[in-house]
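Next up, some structures in structure tokens.
One chain, chain A, links the two complexes that follow: it is found with chain B in the first and with chain C in the second.
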Partner chain A sequence: MSMSNAVVRTTELKQLDFEQIKKKQRTKSFLKGMMFLLPSIVLFSIFLFYPLLRTIYLSFFLTDAKGVTTVFVGFDNFINMFSSPIFIQSIQSTFLFVLYTVPVTIIISLFLAVIANEKLKGIGFFRTIYSSTMGISVAAASVFWLYLFHPTIGMLNVILGTLGFENIGWLTDPTWALIAVSVTTIWMNIGFTFLILLGGLQSIDTYLYESADIDGAGYFYKLRRITIPMLSPTLFFVVTVTIINAFQTFGQIDILTQGGPQNTTNLIVYSIYREAFVNYQFGSASAQAVVLFIIILLMTLLQFKFGERKVHYQ
Partner chain B sequence: MKKLLALLMLGLVLFIAACSSEGEASEDDSSAEANGSSEETSESSEADGEKQTVTFWHSMGGAGQEALEAIVDSYNQSQGAVQVNAEYQGTYDEALTKFNAVAGTDSAPTMIQTFEIGTMSMINSGNIVPIQEFVDADGYDMSGLEENIVSYYSLDDTFYSMPFNSSTPVMYYNKDAFEAAGLDPEAPPETFEEVEEASTKIVESNPDMKGFALQAYGWLYEQLLANQGALLLNNNNGRTDTSTEIGWTEEEGKSIFTWVENMVNDGTFANYGTNGDNMMAGFLAGDVSMFLQSSASSRDVIDNAPFEVGIGFLPHPEEKERAGVVIGGASLWMIDGKPEAEEQAAWDFMKYLQTPEVQAEWHVGTGYFAINPAAYEEQTVKDAYEEMPQLQVTVDQLQATKPSYATQGGLMDMIPEGRKIMETALETVYNGGDLDEAYNTAVDQFNGAIEQANAARGE
Partner chain C sequence: MSQVELVGISKSYDKQKSVLNEIDLSIEEGEFFVLVGPSGSGKSTLLRMIAGLEEITGGTLKINSNVVNHLPPKDRNLSMVFQNYALYPHLSVEQNILFGLNAKKVDKKEQRKRLVETAQMMGLDELLKRKPKELSGGQRQRVALARSVVSEAPLCLMDEPLSNLDAKLRAHMRVEIRRLQKRLGLTMVYVTHDQVEAMTMGDRIMVLNDGKIQQVGKPITLYNEPANLFVASFIGSPKMNLGKAVYKPDLRQLMIEEKLAIDVDSTYLDILSIHKNLTIGIRAEHIFPCVDEKQTHQLEVVNVEHLGNETSIAFDIGLELWTAKWPGQWDINVGDSVPVHITMENFCFFDTKTGELIRSANVGRKQEVAAI
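What follows is the complex of A and B.
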């Protein structure tokens, strides 16, 4: 009796002890974890979370030129925005711009990456050339294209002229301006996407190709069945990043068109800039920023939901 | 154990070091403060050799920046008490944004150059000292300055800022092309109708050259309105009371659009969109024979053109009398909350800028007006006119302007937004869009912007 009692007591004690130690350990590891996270939490709070909350707050107010809130207007900024044809057009232009730039950039870069992945003599030279636009700043590239697009002395119109075509007002004609800006953007983005895709290609194991060779697979069969599936994680990353970048385009717009002609290239980030720093309407600018945030968030979620299914991780 | 001890020691040393440096820092602060106050007193008595620094934010790029820096250098060398540091802060818009961010703090400049349409937002900001206070205290005589310029920058008889770089729009034309087309190169077209006729003749004589270019630029639209005697905003351009809607009539506003549409239909109009640099490059390359632009570019255009450049007055509709132009450009603002000595030093620099010698150099170097008409009597200006008589046209146009509310220009903080709205409407017409629709949309949006701006002020 006393023996069994003692045994029960000790097990009880042990269990209690165990629970306590476990709890202690958990708090300890939690604190440790927090310590490691603290720098990033502090940085994120200061530079991301606070501005985000502040933007949402500002979007419910009208402000003076210094950004100090003056009148609370509730959802008026949002209502005005969605009833304004300028903002609707700005959204349309942004989606069109994404549609023009993202697929073309990726197809061209993928093509270049595949041909630059061949092991040939002097391939390093071509790889450098193909990725060289990465080293050119947005401003420099835009100024360079600005001269190419010049209506009368620009190279593009000079070429059209010698071929006997009418001159095109690349940056002044509403039907062409968005295309002109897209061409510039595609040219600028190729370097980065090319480099990432080439890196992805080079990390594919060669034994896959070797066994395919033994099975007698052709070049395009290998491309379709080995290269693309093995590259899919990289492609997924590139697509996501390019889409987000396209939504946030600013520099080339500011230099090439300033949102004109007739607001056809007034992409959403440029529209936010104008609203805040030219018109000094920080309230409605914040409202637009919130909408942009929601759009990008939705796009990224959709991509992860549908795009990721097709991604093959090794 | 030893390790732990060493760590402890290290920690302690660091702690002590941190404490002591903190202590030092606070001591430094107090000594700096002491220095500062002693500096102030010494400077006001001008006994010490220490110079009073004045920070001057400006927005002059390119040739304007060179000319301005030369003037600042010569001022710094001309006397020993004040050191002016001129800092380029980007375009007027950018500088104003930066200023709004630092206004009221120690990082704010002593004086800032702001464009004419920023006048109202500067006054509303409450961070400035009206120049009138210095004028009164100093007994400075403003009557020596150009009347039309003075009238733009004073509101309710108070002088808010010191005019500095002022310009008006003029019409540049290619004299060689005029001659080739059988037009009189000494008599530029003066009315909308004459411009249309001249354009047709130019294109007839040379199919590779367009007749006329109008940059889609809201400022030029405002000027073309003012030249008809039309108001931009109601309540006398916002000068007698806060504006509540546009000030021009449909006839006045539409006349500019119709004029452009006629030329677009005739195929004599060159469309450079909103890009002024492209338009100037096109003119210099002989692709267009006439264009409107600020007189501040005149030195640039004359120097770079491979042909004879003529400068004429801004055109107006035939049935309207020429009313004149609005002063464009920028003025200098004194920032509130600076030490008395610093503000006095900045005021001294402002007075220096208005002297005839400096103004003469500025006018000839850039094409901006001399704020002080006495500058036109200076030898530098006379020599330059000998060489480039076109420069004089810009001055004549200003002096021919009749002072009225229309030519004083609009005062409101939403004007930058309004400009963008008119630019979009102009572009629509350039690209063959429907005139009435473009015009009505623009007017609606313009009125909406005024309403929004009034609401945001919370009054």
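What follows is the complex of A and C.
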């Protein structure tokens, strides 16, 4: 009896021991993992999480010119914002801008990527050219287009003139300004989307095309039944990123139009900038920023909900 | 009538590196023809040239006596099964099978009919709505076969279709493909690097090495009368035991790898007097245990593999490792010295310099295809 008891006790003791050692090991590996995460946690906290929380906090206050909170106003900033015609117009312009830029960027880049994916002599040259806008800064590109859009010496109006059309005030005419900015943005974005899409195309297994060749599929049949479905994860990524980028457009607006004429190109990020650093209304600027954050979040969630169904991951 | 005819087919890249040299070959209608060779021998390139996926650098390719060098793959009226099956991951099994018919705009009713027939034949009825990633390796293989069957093309090309399967499934699919080919009367060109697959499936085999034809013939012919040293060592498992042989006229003996002395029969004297540099080859099953035959040599065992129905025993012969295969189970250990029976009539003689066969084994001829 006593002997069996002793045996039981020693096994219990052993059980306890190795449980404790395992616990120790788990804590150790957790700490190790945290050490690896620490740099990004610190960086994200300083430059992302803190500003985000601070923005939400600020959106409930009025501030002085230095950004120090003065009066708590609750949701007043938001209510005022949505009753302001300028902000409503800014939202409208932003959505219009997204609508102008995203589909056209994707379609042109897809077309360029498909033709640049052919195995031809000197195709590397074209691939470099098509993706080159990726290496041009927003400021440089904007200045470059500023000259193209110049009302008298600009290339576009010179061409229109020689063809016998009237000059267009690309950046000063309210009907054209948003389109002009969109064209600039599309041109700038093509490099990135082209490169990503070309990468996607190149990762499609060549066997699929060879098999289709033997089956007697034509060029467009292959494009429709193989290329587009197999490219769908890449397309989905590109669409999501392009939409987010379009919502956050700032640089080209600042250089080309400064939100004018008649606020037609006053996109939401530019509006936030003006509210904060021209009008020194940090409270309402923060409120706008929060709204923009929510819009982008919703758009992305919607995309994942509806868009991802049509995506075929391999 | 020959279905596929290759006349002086060559392939080179960038006009420098030649991959295939002057291949002449004709494949008969309804034949199961196997292209076998080590990796890099050009066998897949040859198949892809027949399919039209690879440009032909030189020579003429005829299918049904028409020159097809210039035709795109779809106009050559053939089907192909790829090594990784090339199934479309975003399409269901049914859509995968019908992909080609859709592309060729075959009538919907006809499509249905062929789909039902093919699915039944390949045992895919239950799986038609599934996506390729929801299938096992064997099932994917069957879908790939079904896709080729449904096209009803008379010529079917297969590029190492079994290399992604495990050994058991591979053995099973070998039989299935063979039966399918016979039932449908397809002409099959089958590429593999596995000589067992080649031996078991082919009506005829072509052994390819370094872009040159080594030998074309029936599996048994290749086994018994290998045209050169490459075929001798490539066909058969285990490979043919090879050794350099020197004739000692004063002793009337043949020294193999300076270790084995074999008494020379007078019928071999002419060969031995003409050819100075000889390599001899002997199949594993021709190194006999001393049961009925008298002992000729005593050899030390360096490795034993018990396979149950037979025992494979390895010996060191000079620098070469020779293997003997004895039927049944033998109680032998490594380090034992066993008596064996080796005679000249089982030798294949090769010219060491050129590698060409001089004379094949007598026994091989004698026992060729035991008729029932």
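We take it that the second predicted complex is superposed on the first by the 277 of 314 C-alpha atoms of A that agree within 3 Å, B and C clash if a C-alpha of one lies under 4 Å from a C-alpha of the other, contacts with A are read in each partner's own complex, and residues count from 1 in each chain.
Here, contacts are C-beta pairs under 8 Å (C-beta built on N, C-alpha and C of every residue); 3 or more make two chains touch, one makes a residue touch a chain.
On a predicted model such as this, the values are computed, not experimentally measured, just so you know.
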Using the overlay on chain A, decide if chain B and chain C clash or can fit next to each other. fit
Check the residue A:129 against both partner chains and state whether it touches chain B (first), chain C (second), both, or neither. neither
Tell me which touches more residues of chain A here: chain C or chain B. B
Does the superposition put A:88 against chain B (first), chain C (second), both, or neither? neither
Counting only touches as set out at the top, which of chain B and chain C does A:16 meet: first, second, both, neither? neither
Which superposed partner A:301 touches (first chain B, second chain C, both, neither): neither
Which of the two partners, first being chain B and second being chain C, lies in contact with A:38: first, second, both, or neither? neither
Examine A:261 and indicate which partner it touches, taking first as chain B and second as chain C; both and neither are also allowed. first
For A:53, decide between first (touching chain B), second (touching chain C), both and neither. neither
On the overlay, how many Å separate the closest CA atoms of chain B and chain C? 43
Chain A contact set shared between chain B and chain C covers none
Given the complex with chain B, which residues does chain A contribute to the contact? 62-67, 70-71, 85-86, 150-153, 169, 171-174, 257-263, 274, 277-281, 283
Mind listing the chain A positions that touch chain C in their complex? 205, 207-208, 210-218, 221, 225-226, 229-230, 232, 312, 314
Interface residues, chain B side, partner chain A - complex: 93-94, 97, 100-101, 103, 121, 124-125, 216, 270-275, 278, 281-282, 285, 287, 413-414, 416-417, 420, 423-424, 427-428, 430-431, 433, 441, 445, 449, 452, 455-458
Quick one: in the complex, what on chain C touches chain A? 51-53, 72-75, 78-80, 82, 84, 86, 88-91, 99-100, 103-104, 147, 151
